[in-house]
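Worksheet for the structure shown next.
Each chain gets a letter, A, B, C, D and E, in the order it is written, and its residues are counted from 1.
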Amino acid sequence: MKRSKKEIGKKVGVPPGTLIYTGDKREEFEITAIDYNASGYRKIKVKDIDECASFKDPSTVTWIDVVGLHRVDAVEKIGKIYNLHPLVLEDILNIHQRSKIEYFEDYIFIVLKMLTYDDKSHEIEIEQVSMVLGDSFVFTFRERKLDIFDPIRERIENDKGAIRKRGADYLLHALIDIIVDHYYIILEKLGEEIEGLENEVITNPSQDTVQAIHKFKSNLINMRRSAWPLREVLSQLSKGDSHLITEALIYFRDVYDHTIQAIDTVEMFRDMASSLLDIYLSNISNKTNEIMKVLTILATIFIPLTLIAGIYGMNFKYMPELEWRYGYPMVLIVILVIGIGMVVYFKRKKWM
Amino acid sequence: MKRSKKEIGKKVGVPPGTLIYTGDKREEFEITAIDYNASGYRKIKVKDIDECASFKDPSTVTWIDVVGLHRVDAVEKIGKIYNLHPLVLEDILNIHQRSKIEYFEDYIFIVLKMLTYDDKSHEIEIEQVSMVLGDSFVFTFRERKLDIFDPIRERIENDKGAIRKRGADYLLHALIDIIVDHYYIILEKLGEEIEGLENEVITNPSQDTVQAIHKFKSNLINMRRSAWPLREVLSQLSKGDSHLITEALIYFRDVYDHTIQAIDTVEMFRDMASSLLDIYLSNISNKTNEIMKVLTILATIFIPLTLIAGIYGMNFKYMPELEWRYGYPMVLIVILVIGIGMVVYFKRKKWM
Amino acid sequence: MKRSKKEIGKKVGVPPGTLIYTGDKREEFEITAIDYNASGYRKIKVKDIDECASFKDPSTVTWIDVVGLHRVDAVEKIGKIYNLHPLVLEDILNIHQRSKIEYFEDYIFIVLKMLTYDDKSHEIEIEQVSMVLGDSFVFTFRERKLDIFDPIRERIENDKGAIRKRGADYLLHALIDIIVDHYYIILEKLGEEIEGLENEVITNPSQDTVQAIHKFKSNLINMRRSAWPLREVLSQLSKGDSHLITEALIYFRDVYDHTIQAIDTVEMFRDMASSLLDIYLSNISNKTNEIMKVLTILATIFIPLTLIAGIYGMNFKYMPELEWRYGYPMVLIVILVIGIGMVVYFKRKKWM
Amino acid sequence: MKRSKKEIGKKVGVPPGTLIYTGDKREEFEITAIDYNASGYRKIKVKDIDECASFKDPSTVTWIDVVGLHRVDAVEKIGKIYNLHPLVLEDILNIHQRSKIEYFEDYIFIVLKMLTYDDKSHEIEIEQVSMVLGDSFVFTFRERKLDIFDPIRERIENDKGAIRKRGADYLLHALIDIIVDHYYIILEKLGEEIEGLENEVITNPSQDTVQAIHKFKSNLINMRRSAWPLREVLSQLSKGDSHLITEALIYFRDVYDHTIQAIDTVEMFRDMASSLLDIYLSNISNKTNEIMKVLTILATIFIPLTLIAGIYGMNFKYMPELEWRYGYPMVLIVILVIGIGMVVYFKRKKWM
Amino acid sequence: MKRSKKEIGKKVGVPPGTLIYTGDKREEFEITAIDYNASGYRKIKVKDIDECASFKDPSTVTWIDVVGLHRVDAVEKIGKIYNLHPLVLEDILNIHQRSKIEYFEDYIFIVLKMLTYDDKSHEIEIEQVSMVLGDSFVFTFRERKLDIFDPIRERIENDKGAIRKRGADYLLHALIDIIVDHYYIILEKLGEEIEGLENEVITNPSQDTVQAIHKFKSNLINMRRSAWPLREVLSQLSKGDSHLITEALIYFRDVYDHTIQAIDTVEMFRDMASSLLDIYLSNISNKTNEIMKVLTILATIFIPLTLIAGIYGMNFKYMPELEWRYGYPMVLIVILVIGIGMVVYFKRKKWM
């Protein structure tokens, strides 16, 4: 993950309720409303934000998807029409929030983190999605027009599954479910990565492996940081404290189970990554040990022999051995015997 | 354990309630019903799923064992006959669930993980078993026809123990008890393994030992991941919140005690495995230390001697010592004295 | 952070309620009162402390900012006028308190830690701010006249935001919000620092890096120590147990969310710092390994060759090879062959 | 502790309530009943188990001590006479239970682990003691006839302390107190051991020390595993939920305090043992460092000197220095100067 | 801290309520009673224990300080006069208790650990102080006559602070406050120590540093072991569950805050000490690395040169170079070039 100043997550020195978009300036801006019930369906590209007021009709469920948070004015207008608290609007625009859920009298406000995995940089990208669940509507606010919610749109359009027959709470569940799905996609990627790392550590460890493990661990730390608050949100939702969530309750329980399982997997990966580093270190220690053995064996064999050769290279006038007929071959034999003896000794000591 | 993409545990991008089998395609498909009460017993191979409806009779306890989850249609039909919630059917077919328990009005739904140990690969294999406890029936759903439940079948057939005299809740207990038993079998295997590893680390440590410890730890991580949710399920069951569990309550408490003990053992093994790695590392450090000592002693003794021999090998015209009658033996004596002196010095320093 | 005896945080051997200022003697002493409501605003430099009594008027909100705790007498007088408990006054003067909140009948007493980051020494400086929230007034007590609260003063002066329209609880919230903001500023600094450290560890690690990591960790330990009690205080405030906090409740919840996020970030940084040290150590081990390889390769190649040269440097009378016409080039060839052979061998062993 | 398959703790594949003794076959079998009240005392060696029925008389307290669990029939008979649940009997016979307490209508069932320390093997031996507290009787079931309960027997016999004047709950307390006492005896042994290890690590560390630390840690792991459930049992007992425990309640609270203290000590020892291993490792690293210094100093001094000697050992025809009158002493002086210079250099670098 | 058998903390094999003093036999024995109310004060050296009965008068507060627990008879007599439970008396005499609080009908019994720091041995000494708070009296029982409570005595004597105007609960608070104060004195000492260790690790680490860190950690472990139960006691006291504690409640809350802060500091020191050991180890690794570099550079430069000198020291008859006019200077130049080339190479590799 790229860490930048902005991600720390709080605007500094600004009165609460001040609407400031904390992300990067972008081009995209689009409001799409999907209005449906069991019998009908309509999709509207909203041009004038005042149109939104018309979706309040409780006989149909409306999903209003707002892309492009740099248009602070639009968010503010929607807030006024739907009577959202200024702090809610502020949180929607501040894209560095912690995932959370807040209950208001007529609506529930939810902030979630959408994770995607960049295959090239091996980094996890985080995007914030804010949701407002009302009586008969769901708002989704996000920065970029990613296609993550397309399957839901399709299900509504084609009347697939039960979605058209059910209320706004079921729609909310479907949207959150898609987000949790993406956590699983990333867990799959991470699962493949750790298998690769495990292999690398055992067969061909290098300093790059350590850095890859470090990156992997950083990714896990980021996953955890997103997954735990997500779990809290879903725990809240599955308790059924709000009158806005009725028939979808059991589905939220289901998603809650999935977030627990995701967290379990993240923790498992962490344990494994720590274990990998231990193996790496023991591997290096082992190798150093092996190298030292080679050096020591070699030095132990040759250094004494060099001394013998050195002695008979001295220029003393009176060195009787030098005159001997078989002095030279005898010294060669002595050298050989000592050399072989050393090898035998080291073999016994299991150093060779 | 083999980690594969599927085991991450969630179908991505599919509306809830969609019935999809997430395991491998298999051949086996078999539904066996065992119908009994204190006075009688009958075992039926179910051909037509509609027959199942006849087992609803509350005067006998019926255990319907469904093997082969690839037959989604069969599971769906059973679901209809016995009025099971679509999410329950989905969970039965998704074999990568976390163990859990869910209470419905007329039945309890339980997902458990069955563990078996592959003696060859030293890996733990995980299979999912789903159970539904009703008024007078228990369903078990599983992928493969393993013989784990045979002892129960036999006990019913031969009227061994109290099982025939009791209700469906007692049958459920017996089935879960068998599953927990298999956790103990694996703990035994792991216990033997860690004893072996302990021995290896102390007597003959190698890089393979580290890998074996790593594998052992991975197995423990998997055990933990299965055992904790199992514990939660049994904790729930032993609280007696459901009207479906009456006389078997005390037995569930008993199994609950066993799961706690199993988790205790897993945690103990983890502590031990970590400790083993520490010993291994200190062992390697020690050995490197020993090798360095040998090298240093040797070099310290012979390098100065080699210098002496080198000096008297120089070809200066005027080197009075070279002319001395006893120059050569004197040098030899000097060499010996220095060499022996060094040895004495190192003995004193306790390096030899 | 500078650790000094005083920071341990408790006066020893003094009866409770004894008013002693535990900080350094300073020059600054200033009491500023800001009195406002929706329609008006006035700022008074308080000369005579008895004037303070006049601010009790509930129709306006008054913020009385006391700078300079060495004037124990002034604090005592204020305490008498506003009927503060002796222990409260003692806590205000003892600048080494843990952050805390205490509920009294007509007021709430809060102690917080203000953090600032010294860019030169890379140390976090801690200053204590005590606050008293009454019906229509807020007291702030602090040692030094830093400009941290200036934005609030400006907002009141210029009627920016909702602050003038709201009560004393909202003012308290604004003050605490500014303090929490400064935690985020420090987190930004620390975020930049850890990015730098990460870079250093990978590209150019040295013993200084380890010391920098140690300093970074010490800073985190200090952050944690301040952030956790801060969180407790805000958790209390956002529960709404007091009649003094009414409309600002939701704003305290907001600040509470921010403190949780700040703690999350601190914990993330700790995990990363630990991971960095592991990388550093593996890096050093790796380098030692590389160096040993170079030494061993070199010694293994040259020491045997030196022996050969030594043998033919011996002065035996009868060494037939010395007389050979091509003895010298043959020895050179042997030396070359052995040398090259060794290099090939090491290449194969992947040591070169 | 000897780890063996049996200790994993569960009989596999057996219907609940099946009475199987899971320990080793032994010879000892003995039932001793002690019947007392304030005015009288009698001790009976029970021959025929049916005699036990006579002890039900509520005017006296009876302690029935059953040694030898291989006599499954005897245990079963007692169970029938005193109306014990089949699961209780099963737990009594399965000597690999986790410590636990279970409340029944007319009795409380307790399983505890008795620890003894084998001075020779430095291992902790574990024996299971099961207890049943009724209205006016206490049963103790155990495998071997150890003398641990003798002090209690003596106190009853000699009317020492208040034991004769009190009820069965007080007797139970006295028995458990003795068991907890033995935990303290082991803690004393472990305390002595860690003092010894601490000494060894600092003065004379070796690979054996590491193994001793490992064994010590294994013992602690076993202690913990027994002590935590013991604590839970005593926590239960000291809550006073049962009508069977009345006047002894305060005594159970006392024992509960002791188990907490025991656990504290175990955790303290664990921290110390981990710390010892760190010291050991740093000690080894330090030593390797020292050895490397010696080698490097030596090599740095002598290798260059050897080169000088080697140069003047070359056989070139035209080497003017060789002809010089004072060439040889000059070279010797150069050698000495370089040698001494090196030593001075290393002294400055604080390597010597 | 000196660990001795006795400190494990439990008398083994003795019936509860048996009064045995578990400390060392000492000479000192003294009972001092201080009797006061707002209007008067009197201090009595109690000779005959029966005098104690006279202090029961509820119109004055009495503090009875008993020094010298070896006089079991005296403690027993006091117990009888003031109607203390036998277990309380036992706990007073057993000086190896865990800190705890126990509520009785007319009194509260408190055991605390008094810590003092021995400047010479750098060890923490622990002394037990037992307290009994009644309606209008406070008992303190301790082994040795230390001067820790002198400030309180003085405050009463000189009517300093509010102590004379308040009840027995306020006196108890003052006594406990003094004990907590001494924790802070030790924390100051430890704070100085860790600053020293930090310095040592960075500037001049040695094996002694590791031992000092170990001792420091042992001291922290002891601090924790005393501080956590102390915190529990104060948490209890500040809850106000007893009718004996009324007006002093807020003061107990204050002391409770201080114990939390003390524990925070202990935990901070632990984190720092662990971090120090990491720095030490990385320091040693770094040094070994540096030493290896020196050795390797030296060997790499000189060993090949020695081979060259060795080659021209061979005694072959036909070695044309030896006859060359400029053979010798050419070889010297070759040696120089290779040597300098190596140095340049190592400089580039940043080894020098």
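The working rule: a residue touches a chain if its C-beta (ideal position, glycine included) is under 8 Å from a C-beta of that chain, and two chains touch if they have at least 3 such contacts.
All values reported here derive from a predicted model rather than from experimental measurement.
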Q. Where the contacts of subunit A and subunit B overlap, which chains show up?
A. none
**Q.** subunit B and subunit C, separation of their C-alpha mean positions in angstrom
**A.** 42
Q. If you average the CA atoms of subunit D and of subunit E, how far apart do the two points sit, in angstrom?
A. 26
Q.
Using the touch definition from the top, which residues of subunit A touch two or more other chains?
A. 281, 285, 288, 292, 295, 299, 303, 306, 310, 313-315, 319
Q. So if I start at subunit C and go to subunit E next, what's the full loop of chains?
A. C, E, D, B, A
Q: Flag every residue of subunit A that touches subunit C in the complex, lowest number first.
A: 3, 5, 7-10, 12-13, 15-18, 85, 87, 91, 97-98, 100, 102, 207, 210-211, 214, 217-218, 221-222, 225, 277, 280-281, 284-285, 287-288, 291-292, 294-295, 298-299, 302-303, 305-306, 309-310, 312-315, 319, 321-328, 331-332, 335
**Q.** Complex contacts: residues of subunit C adjacent to subunit A
**A.** 151, 155, 160-163, 173-174, 177-178, 180-182, 184-185, 187-188, 191-192, 194-195, 202, 250-251, 253-254, 257-258, 260-262, 264-265, 268, 271-272, 275-276, 278-279, 281-283, 285-286, 288-289, 292-293, 295-296, 299-300, 303-304, 306-307, 310-311, 313-319, 351
